[in-house]
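What follows is a group of structures, each given as structure tokens.
The following pair of complexes shares a single chain, chain A, combined with chain B in the former and chain C in the latter.
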Partner chain A sequence: MMHRRPMVGLALVAAVSCLAVAARLLVVRTLDGSFLVGWPGPTLGQFRGDAVLVACAAGAALGASGAILQTLLRNPLASPFVLGVTSGAGAGVAFASLAASMAGIAAPTGAALGVPALAGALLALGCVLLLSRRHGALDPVTLILGGVIVGAIASAGSTVAESLLPPERRGLFNGWLFGRIPDVPDPGALAACAAAALGLTGLGAAWGNRLDGAALSDDEARSIGIALGPMRTAMFIGCGVATAATVALCGPIAFVGLLAPHCARALVGARNRMLVPGAALAGAGLLTAADALRQWIDVGGGRLPLGAVTAVFGGVAFLVLLRRTAAGWMS
Partner chain B sequence: MTTLRFQSPVIVRGTFVLAPGELAPAAGRVTVLIGPNGGGKTTVLRAAAGMQLPEQGAILLGGVPVHSMPAAQRAARMALVAQRPEVGAPFSVRDVVALGRVSRPSAPERIEHALARTGLTELADRPFHALSGGQQQRVAVARALAQHEPGGVLLLDEAFAAVDPPEAAALVREIRAEALAGATVLAATHDLSVASALADDVWCIAGGRTAAFGDARELLTQQALPRLLGVAVAEAHGARGTIAVADYGAILPKAPR
Partner chain C sequence: MQPILASVATAVALAVTAACGRAPADVARAPGAGKAARIVSLSPALTRTVCMLGGKSAVVGRTPWCEAPDAVVVGTLEDRNLEAIAALRPTLVLRQSSVADPALETVAASSGATIHTWHFDRVEDVRAGLYPLARLLAEGGIPGADVAARDLLARHLQAITVPVRSISPVLFLFSVDPPMAFGSGTYVDDLWRAMGGVNAITKAGYPTMTAEDVIRLAPSAVVVIGRGPLPAWLGSASPVQVQLDAPDLLEPSARMLVDGPVSLHRVDDSIAAARSGG
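After this line comes the complex of A and B, so read on.
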């Protein structure tokens, strides 16, 4: 299906995401298992409003990053989580906390988590890109395998770092390693994530035509006038910053960055000028919807962790995409 | 008029010594690159497009070393069709052709014109990846035509290799029209029929060196080609005069009568 009216598609993505936001704000499952619909009053309203803001900022950052990475790497399976960038950022935070503990100083919190998260994100992305270079080009299969391996090593590193922390310092990691919406979000971290999401979306939309050109082979992309090296560097750093800001706010969240661009592409088409904003909106909607689902499903032991919801749904969708796209536009 | 000039470039750690002395494909003519596989045709085209830096000598586009030109400035004077078109996103045919204008002033009519010239108007809204290999090559040529400005340089690397004969003939017509309008065309092909139809001049490259450079009427002949390409050649009478075709039958054992 090709898209002559991407603006209509974009409006549709926005509408569906607004529905997810409304559902999270207005629908709640009570302790006896019944559903209540309505505005919950100032205190709970504030709590849900914060959760929506966090989910929208983090989801938008991941969605925009995923769309840009899929275009730049010419790979429909690319996303911050699949490429190990999310786990790398998580490991950066974990090791910074361990280092702070060993030095006997306070662990970084809030927006300050963004610094080690960014270092970890860029280190992981750099490793994956280096691993997957073959004869000067990126091998699509090695790229995904390298991302999975680097992500697994980084996750294991986070677990090791956490286990080495003294028990009183493990509070930060309570649920964080699997991704969660904080009950009381740090305002600095939230502002940083929202700014990163807006900035990356704006950059991706403004450079949309050039990003489109990067879908060609390296030689042809350069021949149509794209300064491929500088653009790739700027975009990779932008995606690293956005992912790191998300991890500082919510911890590592799986698969939203993979799914959001595919949802958006189905409605707004593949041109990046519309796709990147569409993927940001879809990411915001997806993460808000996952958070709403988490509130509504009780498997007996209380509410599900957010990371588990996105991983279960996202993991299944990843397998479907893998089968569908292996013979498609993955070169 | 943009001139393309090879000043004794040495490329790839001295393995490819492309042109002893100066060599310049003429503007307003089609120069066809022929030669054995791995002989250096693609290297010449990549170097001409500024993708490969000569270690000695220079390749000049309008008097400026081509590899040092900013990408957008180079794109205004030179278009390239690579050997295998790659599109790593689910774009429509029209989207791909429109990429030719990414760093150029927007010109929707140029895109539609390029689609029409390559017979792709009907396929314009189809996904690029749903097309056959030959159709995808036509899309790549259309993209280059949309980008190309009159008097510029057009580089084609086996651009018709998978295209069927009627469509290849139509592409030959369009490429020759660009040359007549003043373009410098440098096109690699291993197909002698395409070479005969397309060429004004022939540049034969073998083992990374220039084996011959000159008028097509002298080089695409039964006398010159066996020496240059190592293949028996038959001649046929075509619309552009005598044309050379590879005579594969010449090496078959004779059937007993």
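After this line comes the complex of A and C, so read on.
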């Protein structure tokens, strides 16, 4: 009976995520406040389809990254944000915008926006990994501290760069910084994010047993024959690349990487072979649902920033989840 | 007929506004009056307006985004350097905010300066603030500020009373990714409607939209104010797309008042040319 529970849970996560996808594809609120239900035809349907693809790719990458990081760091509050990757990407975009402004050329947009974001994200990740290396291995605690510090420095750099931007150039950067599902995603950025999500999810599922071992203490993991060092390094880099690809595609998005693993864990259990795919599915569903909500709610300024929706709804849901699962999140 | 009536009504309203020169409450009495003006401006729009009134040389402190390069940067409205402001010994501190700033008031009082607050959100705000600001500059020994204000308003009137030809709904975007529009009650909406045009957005403010929203709106023309490439999907929203690099339409200042209508007439000409196949 026990071995069937994760499969049933995984099917449940997939079903709920499919509902979110259907809601995003078929229900929209127009600017005048009326709801329209149904398929809008090929032209408008293309936008909705692209939005779903982007949300699923980014959400899956964040969800899988969150599950793996929580396991590796043995910390239920770990998420891609902890590594400082998001702030690094923001700093990359800010400095690229500043450089463009100083050179008197147009600020990077679309696909070009992804280049500095990815560079900043990888630079931040590299700094964190270097800072946290102790005797040839990554120290989980120093990794978190390093991520926080690098993230803070990158955020400060973004603020300085943004303050030097002329007012007309700050809008684009601010819009990106709130997180967004682009109307027309850059194909390269979307493909990279989807590949990163699939690759990381597959790797996490394939190495599920090793990840389970990594959730124990280092000594216990070694006693059952798991070499933590190389696996941690590979997984951290995989999570960093997946998160960077997400940031390049959508900007920084809060809470999905934190919440999706908890949703999945409640349904499929804590074994990583099922948890990582479950978290990826949950992340895809959560981000798609957040984008659908963004279409339905208008507090007076038009469409809400995606990051605000994930932070508000994800934060509340996370608090509820935390109360229910605080007693034994890894049991 | 409707555009002409709108323009006439605007002209009458403008004439009354200009004649009255309505002053904000805090401009009624200026203790620093009579001294040579030394201006610290914490608003790019106000700095630009001061410069257009002939007070550029009197600006001694500014934000990083203000014109008046000779002035010292003293920070922004939210993050101003009080010591730098005090060291400049200003007579006038100009800002746009509804929030009291006791620390700034203390610094201003210690150097005998007065703080003047305006809210340049809509066309009427800028028009109403022009004469009081000119009067402050004149009291600070800047000759011709009142004449400059009158000239600016006259040029504004002249430009705004010429009706546009495009009377079907036009969508004005200041960002395409994501699409963000000048909605009802914004200064671009004020100008366009005063010139007899119709804004496709009836929602107030600056709504953030999606590509689907824009296509569903199906405006007769889409005007993108700013630089950068236009997305291909705009073609599905409207057959007429106009892009205009018009900084005067990105900030509600005196420059918007004078150059904004001229830019909008260029938009109107471009729309007419696109419709006629030119």
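Following the convention adopted for this analysis, the second predicted complex is superposed on the first by the 235 of 331 C-alpha atoms of A that agree within 3 Å, B and C clash if a C-alpha of one lies under 4 Å from a C-alpha of the other, contacts with A are read in each partner's own complex, and residues count from 1 in each chain.
By definition in this document, a contact is a pair of C-beta atoms (placed from the backbone, for glycine too) under 8 Å apart; a residue touches a chain by one contact, two chains touch by 3 or more.
Computed from a predicted structure; not experimentally measured.
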{"item": "Touching partner for A:Ala103 - first (chain B), second (chain C), both, neither", "value": "neither"}
{"item": "First, second, both or neither for A:Val299, with chain B first and chain C second", "value": "neither"}
{"item": "Which superposed partner A:Leu130 touches (first chain B, second chain C, both, neither)", "value": "neither"}
{"item": "Chain B versus chain C as contact partner of A:Leu31, first or second or both or neither", "value": "second"}
{"item": "Chain A residues touching chain C - in the complex, by the definition given at the top", "value": "28, 30-31, 40, 43-44, 47-48, 106-107, 109-110, 163-164, 166-168, 171-172, 175, 180, 182-184, 295, 300-305"}
{"item": "Touching residues (chain side chain C, partner chain A) in the complex", "value": "44, 64-65, 76, 174-175, 177-181, 201, 203-213, 215-217, 226-229, 231-233, 236, 247, 250-251"}
{"item": "Chain A - residues contacting chain B, complex", "value": "2, 70-71, 73-75, 209-210, 212-213, 215-220, 222-228, 265, 270-271, 328-331"}
{"item": "In the complex with chain A, residue positions of chain B that touch it", "value": "46, 49-51, 70-76, 78-82, 84-92, 95, 99-100, 102-104, 125-127, 129, 140, 143, 147, 155"}
